[in-house]
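Look at the two complexes coming up: subunit A is in both, with subunit B in one and subunit C in the other.
Coming up: the complex of A and B.
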């Protein structure tokens, strides 16, 4: 039996060979230095680096330090990490797939039946975990009519071309010659660009433009509902998603559902707070913000905390250099825990 | 005849000691009415060698004497020394189990975190994890206390108990 540690690009791997092979893996890019692993480790093998500077500048070393001489590869840290930064494999299989190991009950889902593909969640997601792919209908099918230019009447003045807000009209300008004494050889309307606003018709000095309304003149050209349909699909990257609730809160049609593992409360002391914004940078869920202060250099006003987006990981509390923030965890939801010591350890992260 | 060792030079080599240990195990099994075929199978020997051993042939008494000393060492020295000779966990646990003359009772406290370090350490493969808790099969415990020593949460209790003569199944 031997335990070895390797560090590559700030990612840590602790391995134990023996009757069964265990491998603990830490991915630095997913870590938020919230400190839950350090808190739960039963052998004090994990140390999370102080977050202060980490939040603002790229660090050269890993956010956590695992002491391979102390680590016994029990897997508790991997089971509590809300950011998927830690995982343990036994004989090549992740403990996340094993029933014996408790898992945090948390999830985020987007119902494609309800989703209208507005992309608000994609924009709001603080971890860039959501991708909404959408296919828009052909614009020409949604326009209520089209224009026709009577080329016999047209005097090639180019006014319609200049005024068209959609750049849908193109004139072939040219110098007149004795055999073709006109200033334009042709004029065309791009039906994919024309939005039937009729500015051209109104502006035309010689009434060369006719409006052909699909709705009033030709009933059978009415816009078909199926032509206006927006198709799409949603995707949440489970590794990046932290189940913060932004997608659920911002969705205008309630298509996103988020379940959180921790319940709790954040409090902060405005007197102590220096407005350094380290907490804002440390929070992976965009829970915290300072309203824009009137003049740069001024101490920002009261910290704005919106717990709707909070998962109570404690990253802000750990990052605050003056201990102005307190994160209290009052509840934790996990799959059934059969081991007494594991139950106790999971309870111990509450405070 | 790879198993038989005739010591003609008065030098005891590790393989001679192994033969001594196998002889002691074979005698022990014979006492428990195992047939020569069963003994050969258990100890990974051929039948003729078992027969020679049991009839006191092809084996130096010196090898047996040393093997007897090893068997009577403290349980940890007995098992680690046997492992260093055999270099095979499975063969070690067979010999140790058969020749051990002590009995132990093991208990794992609820503070066990299921890290499996004890299971990795146990020569006797007496420990398995169940629902993130170590379970020790007292029948197979050799009393080496290595699991007790390595356990990060001090969750293992091992007591030597009076041998009731029933050594369980091999």
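Coming up: the complex of A and C.
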């Protein structure tokens, strides 16, 4: 039996050969240096580098240091990591698929039946884990009207082309020659682009444009509701998703549901906080922000914390150089834990 | 190897940004919090002396990297050191 450690591009692999081959894998890019693995490790084999330094400065080393001489490859760190940065394989199979190992009960889902594909969750997701693909309806099917340019009356001024908000009018500009003394050879309206806003008609200095919006005059009688439907699909990358709750909170139609593994409380001492921003940069879930003053002389709270988005990992507490933040974990939801020592270890991350 | 605070006095321009932005310094010294170099007798992490940066009490450092971000010339860094102070 031999334990070996390999580090490649900051990713760590600790491997033990023997009757049963075990392999602990650490992915640096997913790690937030929150410190939970260090806290749960029963043999103090893991040391997490200073969270603030890892979040705010470029470092050549991995965010954690695993001592392969101490590591017993128990897999507790892989089971507690809320960021999927650690995994352990036994004989090539991840313990995350094994019933014998407890898993944090956490999930994030988007219901495509309810989703209106507004992309708010995609924009808000602090881990860039969401992709919303959508197919927009054809614009020409959502408007109806008529437009005609009287080319005899038109003086080729190009005002309508310049003003058209939909870029539907194209004039064929040219230099006049003695045999064709005009500044344009043609002017056309692309009826797939035109929205019948009538700006061109109003702007035309010689009234060469006749146009009418049929919806303004007669209502939506020839617009089919099915033509306005937006097709789409949502995708959450399970590896990147940390179940922070941003998608659920920002969704205007309650299509996203998030379940969190930890319950807790986060507080900070406004007197001690010096506003260095380290916690804001260290938080993987955008829980923290600095409020902007509404007007000069206005003094807002120093740090804004919204627990709706917090998963109580403790990265901010660990990052704060003046110990102004306190993260309290009061509950932890896992699948059944089968051993007493594991139960105790999971209890130990509460405080 | 552990990560610790390291200064490069030969690169330092003596601007004092790090001294003033350091949240530990400003918590310890009201003068530093007000943007002045300390004249009070409070122990702080680093000071500019004779125009160049000098580490005084790196044991107070919370390794947040605020000084690193404020330094225009990379004269103060958080990097791997033999022995974390």
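Following the convention adopted for this analysis, the second predicted complex is superposed on the first by the 296 of 351 C-alpha atoms of A that agree within 3 Å, B and C clash if a C-alpha of one lies under 4 Å from a C-alpha of the other, contacts with A are read in each partner's own complex, and residues count from 1 in each chain.
Note that in this section a contact is a pair of C-beta atoms (placed from the backbone, for glycine too) under 8 Å apart; a residue touches a chain by one contact, two chains touch by 3 or more.
Just so it is clear, the structure is predicted and the values come from calculations on it, not from any experiment.
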Exercise for review: Mind working out whether A:145 is in touch with subunit B, subunit C, both or neither, as first, second, both or neither?
Suggested key: neither
Practice item. Pick one for A:126: touches subunit B only (first), subunit C only (second), both, or neither. Key: neither
Practice item. Check whether A:100 is in contact with subunit B, with subunit C, with both or with neither, and answer first, second, both or neither. Key: first
Check your understanding: First (subunit B), second (subunit C), both or neither: which does A:232 touch?
Key -> neither
Review point. Thinking of the overlay built on chain A, is A:43 touched by subunit B (first), by subunit C (second), by both, or by neither?
Key: first
Check your understanding: Which holds for A:338: it touches subunit B only (first), subunit C only (second), both, or neither?
Key -> first
Practice item. Please indicate which partner A:319 is in contact with in the superposed arrangement: first for subunit B, second for subunit C, both, or neither. Key: second
Review point. For subunit A, which residues belong to both interfaces, subunit B and subunit C?
Key: none
Point to revise | subunit A residues touching subunit B - in the complex, by the definition given at the top | key: 1, 16, 18-20, 22, 42-43, 70, 72-76, 100-101, 338-342, 345
Exercise for review: Flag every residue of subunit B that touches subunit A in the complex, lowest number first.
Suggested key: 110-117, 119-121, 125, 129-133, 152-153, 155
Point to revise | Contact footprint of subunit C on subunit A as seen in their complex | key: 49-50, 52-53, 55-57, 59-61, 272, 274-278, 319-323
**Study point:** Touch list for subunit C against partner subunit A, complex
**Key:** 1-3, 21, 23-24, 26-27, 33, 61-66, 68-69, 77-80
